[in-house]
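Each structure below appears as structure tokens.
Two complexes, one shared chain (subunit A), two partners (subunit B, subunit C).
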Partner chain A sequence: MSKEIDTTVKVEDLSTFKETVLAKYPKKVAKKREKSILINDFDANPQIQANVRTIPGIITQRGCAYAGCKGVVLGPTRDIVNITHGPIGCGFYSWLTRRNQTKPENPDDPNYMTYCFSTDMQDSNIVFGGEEKLKQAIREAYELFHPKAIAIFSTCPVGLIGDDVHRVARQMVEEIGDGINIFGFSCEGYRGVSQSAGHHIANNGLFKNLIGRDDEVRGSAKYRVNLLGEYNIGGDAFELERIFEECGINLIATFSGNSTIQKFENAHTADLNMVMCHRSINYVAGMMETTFGIPWIKVQPIGAESTAKMLRKIGQYFGEQELIDRIEEVIAKEMVEVKIAQAKALIKTKGKMAMLFVGGSRAHHYQNLFEELGMTTLSAGYEFGHRDDYEGRTVIPTIQIDADSRNIEEITVTKDETRYNPRKTEEELKALAAGGMEFNEYDGLMAQMQKGSLVIDDLSHYEMEKLIEMYHPDVFCAGIKEKYAVQKMGVPLKQLHSYDYGGPYAGFKGAINFYNDIEMIACTGIWKELKAPWERESIVEAEYVY
Partner chain B sequence: MLLRHTTAKEVDRKALTVNPAKTCQPVGAMYAALGLHGCLPHSHGSQGCCAYHRSALTRHFKEPVVASTSSFSEGSSVFGGSANLLTAIETIFTVYEPDVIAVHTTCLSETIGDDLNQIVSKAKEDGKIPDGKRVIYCNTPSYVGSHITGYSNQVAAFIKFFSTATPKKRNVINLIAGWMEPSDMRELKRIAKVMETRTILFPDMSGVMDSPLTGKYDIYPKGGTTVDEMIATGDSKFSIGMGMYCTQDACIKLENKCKVKFEVMEIPIGLKATDQFIMSLSRHGNVPVPDSITDERGRLLDLIADNSKYFYDKRVALFGDPDTLIPLVEFLLTLDMKPVYIVTGTPGKHFDEAMTEMLKDRVPEAKFRSGEGADLFRLHQWIKQEGVDLLIGNSYGKYIARDENVPFVRFGFPVVDRPGSNSFPHVGYVGAINWVTKLLDVILDHQDRTCAEEKVELVM
Partner chain C sequence: MNIAESHIDKNNNKTHIASCNACKQCAPLGACIAFKGIEGMLPMLHGSQGCATYIRRYLISHFREPMDIASSNFSEETTIFGGNRNFNDGIDNIISQYHPAVIAIASTCLSETIGEDVQRLIYEYKGMHENESDLPEMIFASTPSYQGTHLEGFHEAVFAAIKALSENAGSVGNHINLFCNMISPEDIRHLKEIVEDFAVQSMIFPDYSDTLDSTSWDNYHRISEGGTPVSSLRRSGSAYASVELGYILNSGGMNGRIKENAIKQSAGEYLKAKFAVPLVRTGLPIGLLETDKFFDHVSRISGQPTPQKYKQQRGRLIDLYIDGHKYVSGKRVVIYGEEDLVVALAAFAAEIGIKPMLCASGGESGKLQETLKIVLGDLYPGDMIVGQGFSFDQMEESMRDLNPDLMIGNSKGYYIARKMDIPLIRTGFPIHDRIGAQHTRTLGYEGTTILFEQIVNALLEDKQRKSPIGYKYM
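And then the complex of A and B:
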């Protein structure tokens, strides 16, 4: 099923990479890294080591649980006052840095995303406890802003000194009253091995505190869907909202790009969940299926073809000709401009090489776009993915749960007595599966990557340097911490967290933006000027003047 | 409106910080450590700290910021981070080969109470520190002070671990740099050269955080104060500390350790602080001030005199770090502007005293605040109470500037949405000329865009 790697791309044998980098590491480090670097051969069921601790001292791309919880999953919701309980730094660094765009419908609608709220813990709070300060901060936040919901995010010292943010939340709900919703997250930075722990903690909190609180069915009863794991970086969610609207698909909630409390509370009135970033949000999809009977499918609206594929899946799921026809019309209409932009970009991009090391889904999804640009992904990997994100969900039962994962709360949900409502009968699901629809399934990154390409989990700074030195890709995709090191080596880096402040890249218009941006990178002239004229001369004639 | 919930009405806040005008200690320590040549900063805590600090510094400088972390897990948080740091030291020296590892702590390792001295001694005993290599460390609890405190602690650690007095004093002046841009450090070195004084500048991020694009990446770029220079600071005859908050501690430590006398002055931003710097350099270097420097000063005066009408009585709001706000407020007063609102999240008395001293007669209506409760939310509320003609601060100021339609000059940390902080100095007379042109640019541009059509002037 894997495609062979494009042999027209002239590269050294990729297998030499592994031995080269391992030779540099201390023995213990080499032994551990050995299992996280492999040559892809999907048919041979290779196993990659992922979601394990980064070795101390290794310069990693990874962040922490707080970043995954507050920064990624809860950050993009505009009407929750998110209070960081801790010293000032964590709140400061997660203040507006992730480019989650949001668009309140009215000028008076709440939007707290431009604000940073922190308890700014001082040494006395560390010594004597910070709960009183947290309570006072919540009182002040309520007095100043009167939000419908306040969320509390724990930073490292909070767990150590024993502040109970959940108890504080309960007490403050009682004290303030007025229907306010206050809830805490135990997302201390040391939990788990990366941001991934924070995603899981956030998912649990979303489910316990927000989802299912509002049963009112608003708008059309037809074609009701949720989009999970889309964070509206650079306006991605806006573009997908536009496409759904064009198709007559009723988007109830996005988790969590351009979202509001009400959308979360109402999300269980949808009939299909679509999971975009599997890593950060699959838990919510699973819990909603168990509790409310909403099936979920994996989608990848990154790349024009795979956006079309997503829409067709929706059509197939609801099975109504009117919708299927409308979707085909929209695809046909959108594809006109897409094809023009693609043809223009292809002239410059075809045959070039990319490497992608980012996130828990982007390193996979963006390969769609590079394929559309005629480019080969030579090497890719996640910053905080798990084995299932590489090898597919079928491996989940075989993944060993280590101590770091065990520390993350796993909530058990059950069928909702009154509201559980299977959206499809067993027979219908079987028929859909026979028609090619996969429920609760994700094949992972390795299924898409070519045979012989290089898959690396939790890439280190050293490995990154070596990759570039040995294979000199035309574009390297990662984040801000990697950007300028890579560019000093003369290789352009495309940021796939922040899109280098451009985008959107999702959907049809997003694909066009991406084609244009990669074409631009391929054509940027400055990379050809790195040598001064006097450094280019092969012979320098010098004359001494006495 | 971007900050639609901010109103003029102030509420007494005791616990909630909204839109901070500071960040935490470790990022300052990381920045300062990058000013030592061949040094890898190491964050002893959770991975997130290191990732956040690297990202923040990278977004500001648009340069690689390489640092490592002890990658604490829940286990290390319970049992202590000693094993993590020992592994880290071995891994770093093998893989990334720095000359020096500069370890700083985080709120996590401080709360646990990890003893860095003990851990580093153990690393030495276990042979994890190769010959000629060093591991230095400082304590930077995030719940004390601010990023400025962390910077100060790292600079003081340089003294503790390197500065050595030999019997022979040298005719050298230590220039201890407070938090400033690499372009500023480059300018200070130029001034010292023009003055024909021998100096050691530390930390020195020029050549590190503004390295050239050549196609070759070096994890440890050419710049930075070398270890040998750092050791030699103990033999210098005098230290000039620039910025009370960032350098006083280092100056005192160096005097105690190596008997190097010192003077702490403001960072030479603007006319008067630069005058003071030049005079101090001249006095302690025992050199006359060359005409070329006097000419630079004269060119600055000429520019100010030519444009004074655009500055007079203009109301300015500022936020940032105390060591730069103090001389900047002084400079605005030199320009006959009115600094009316000044806020820094960094706590400390010197700021309050300096502001009182400068403003009590000249701008008696001025409001200023430092430390607790001194945040951008409050500054914005003051602006809503009575407007200003100009706002100066880091990139977060743009949300206020847009909502209030106020001309905005970016300055401080972080500036993440415009280049330039690194291209032009803010210090010295040349830096002051840059300041004047930058201020005029935004003030006059605002006038051009907002005045009535018939009032648009060609010549200004």
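And then the complex of A and C:
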């Protein structure tokens, strides 16, 4: 039921994009890229190529598995000491570059996020192996902080020289004792084709080493939920925490914005999992369902309307009037301010056009905010999404596993004999589904995008330049790598990885921030229009003044 | 536990194993900066794509300019069967999209670990495309990060470009080579201005003053304009002299190496050995004394007296020193960053009466202390700590008892300055918590003037802020 695209740009125009860029590529490359660029027509079940290796020499937005594992999923947890096993660069470049925030409950609570530990491998470690150096690094980190947990992240050279980080982890647990939890990740950058491989590896590690280690039910037994795939960029988690609290919803764990080890260990005591970034965390949701019987739903608390929708789903799931009423009160209250800000921004933003190329969920979620701003998303795509993130989870059985995905560990989990506890009976689930709730489902980005819009996976730098040259969007959303190139072309770029050091953008207050920021951005074009005197067509002749 | 004791022995060398908060980046990053100084160039990293992405991200946050770096994008299979297919595809695709005049390739830890022979890959690629007349030049720098920091990568790339392109013209030309080290685009422009004012024809390399600091564009350029032209690089072999800024450069580049597969040479040394181009080496011209040395060299090489303009600048600087002396005298400073920068900044601090308490660098040439002793001479403080291969963590520990009044270095040390509540003067790389890193000026009499004023004003600001009375005259 996609809506028709209603912009001044005609659909025919958008379709010329593909020919234009493909013509530039060598045949082999064109053939491959062709399948990743399509005109959206969701009802016709289009198939997009995604999660395949970027072609050498094509400049991509993508990072590596290590970045996805260490930087994205494990990075935001404040009380795990993260040690990068490898040469210095990989660790250095992931040192506090993602802007995820954290707020220790007490000033003395540990926060190791500001540290960058690396084994800083040297020539001799590459030749003779680096396990000893890694052990020493773990000892040093332990002596320094006495942390509850230490995680080890492997970089490319580690896999090649055959260091076994898992063995080192086991040995060091024994050596240090003290109840310490040490675990390793084989997240070498050459695994998979992007950060996405690292997310999967991190999910497996979270499940094997942390989730379910602490059965104590803390706090209220009511309305217990987890939020999965929220990384607290710019304080997003704080805003969502605030909203949940207002509604009386009991947030047990966020994976992994503003998180701690204890919250992970305790996460299985929740009764509902909400998946925000499907790409990076759906594996944990699936495993928790199988093992502990916790159902999951997809949510999008980006955009005021869809934040409200999320809250209503929670109310519906728990089904208690008290909660449902409270949620409606909160929504009504929050919406007052939202509407005022929205009306003000709309004056400038209505009818403008956006393009979004970022991440594995943001290119989808942020379309909500642009819709609220009366803006059309002309083109969008993910950096590291899979087909299910575009076409919906129904296509998962048909996705072919290629060699690049085969080197990512798959773990099979089973029902936990003692702790498996289906939160809802089959009948209850059916009734909820009949009432419009979808469990274990995600429809993907293409379902939301208008018919005729342009969907491109793993947009290359070259294609990005072409997109801008040909269509001049009013706002382009990507990351810092793209920012200055896009702005050189006179189009403002909004960073959706780091929010240009602003935010939060999630929830209600976040929506207001976003409206304001886009309103501001929508009028920065003026600088470009300023001509120097000598560039103006008519030169003003000097006049003598008597 | 006292890390200072356990991690630093009495010669201030690190005895610890791991790195906590490193004060260095990896080698291909430096190589990419240097390569950006070549006109019409597109860089490719031979290895996994993650390194290229991280390095782009990092450079862009400093320079705030587009920075395109391709990668040959290894898969796990590539690590087993070798990267020649990825290499060839990568080059093909770069050419079809960008038509660069030069493709500059740097290796990463991954391709070095599996022992890729990139020179051979280039040779084979050229062989396969023998009949194509407009094939780009290809330059390769070997930059495994387990054998040196970003600075070694930078100098390795400068050397590689010269080695690949320099030619013997048969006769000596009337131009000089100026190898300017890793400095800001603004400082490169200033150096150009100086040599032009001496009426010397020069090739400055690497000249990324436009490519990494370009104007707002009317038309989009796939490859930023500017950079040292290939033709100038070719002529470097027939220059009548080379001037190299920096005493250490990559001379200590055997850092942690166990197999000495390449004897490290600087670009200037190479040209001297190969084409007998005389080489003058001096420090980065920061501060009065080091700038004097630089002007003296240029004056002698060109046979021209120092132009009046610079005599005036020098005079104004001395006048400023006198005015500002009372504010800086006896202050204690911590200096950190790339080794040659640290040497120049320490010499400057010492001459204005600020005492360097700690000179730290992530670099490990093994030459920092000896160089500081020579350059600072009598001004070398006996109790100064010199930290080679230092991390920020080690710096912080060493600083506990030093009572510094200020720090000079890159953004990464901010957290220490914040904890100790002292001002940080930002210079070097990276600067990503201030705007205008491309425009930092430190070189020459003028750059020193700006730096001196920054330091005095930061100290005054600090004093004013901490004073219970709101003094207006300081």
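In this text, the second predicted complex is superposed on the first by the 522 of 546 C-alpha atoms of A that agree within 3 Å, B and C clash if a C-alpha of one lies under 4 Å from a C-alpha of the other, contacts with A are read in each partner's own complex, and residues count from 1 in each chain.
Basically, a residue touches a chain if its C-beta (ideal position, glycine included) is under 8 Å from a C-beta of that chain, and two chains touch if they have at least 3 such contacts.
The structure displayed is predicted, hence computed values, not measured ones.
When the shared chain is aligned, no partner comes close enough to touch A:E245: not subunit B, not subunit C. Contacts of A:C90 after superposition: both subunit B and subunit C are touched. Residue contacts after overlaying the shared chain place A:P107 against subunit B, while subunit C stays out of touching range. Contacts of A:F145 after superposition on the shared chain: subunit B is touched, whereas subunit C is not. Once the two complexes are laid over each other on the shared chain, residue contacts for A:E322 go to neither subunit B nor subunit C. By the touch criterion defined above, A:E441 reaches neither subunit B nor subunit C. In the superposition on chain A, A:K488 makes contact with both subunit B and subunit C. When the two complexes are laid over each other on chain A, subunit A has residues 24-26, 28-29, 53-67, 83, 86-95, 97, 114-123, 125-126, 133, 136-137, 140-141, 143-144, 155-157, 159-161, 189-191, 193, 403-404, 407, 461-462, 465, 479-481, 483-485, 488-490 in contact with both subunit B and subunit C.
Residue ranges of subunit B in contact with subunit A, taken from their complex: 1-5, 11, 13-20, 22-27, 42, 45-49, 51-56, 58-59, 62-77, 84-85, 87-92, 94-96, 106-108, 111-112, 141-144, 146, 211, 213-219, 345, 372, 377, 396, 399.
Residues 1, 3, 16-22, 24-29, 44, 47-58, 60-61, 64-79, 86-87, 89-94, 96-98, 108-110, 113-114, 144-147, 149, 214, 216-217, 220, 222, 255-259, 393, 415 of subunit C touch subunit A in their complex.
Within the complex formed with subunit B, the subunit A residues making contact are 24-26, 28-29, 53-67, 83, 86-97, 107-108, 110-112, 114-123, 125-126, 133-137, 139-141, 143-145, 155-157, 159-161, 188-194, 403-404, 407, 460-462, 465, 479-481, 483-490, 530-531.
On subunit A, the positions that touch subunit C within their shared complex are 24-26, 28-29, 53-67, 83, 86-95, 97, 114-127, 133, 136-137, 140-141, 143-144, 155-157, 159-161, 189-191, 193, 403-404, 407, 461-462, 465, 468-469, 479-481, 483-485, 488-490, 527-528.
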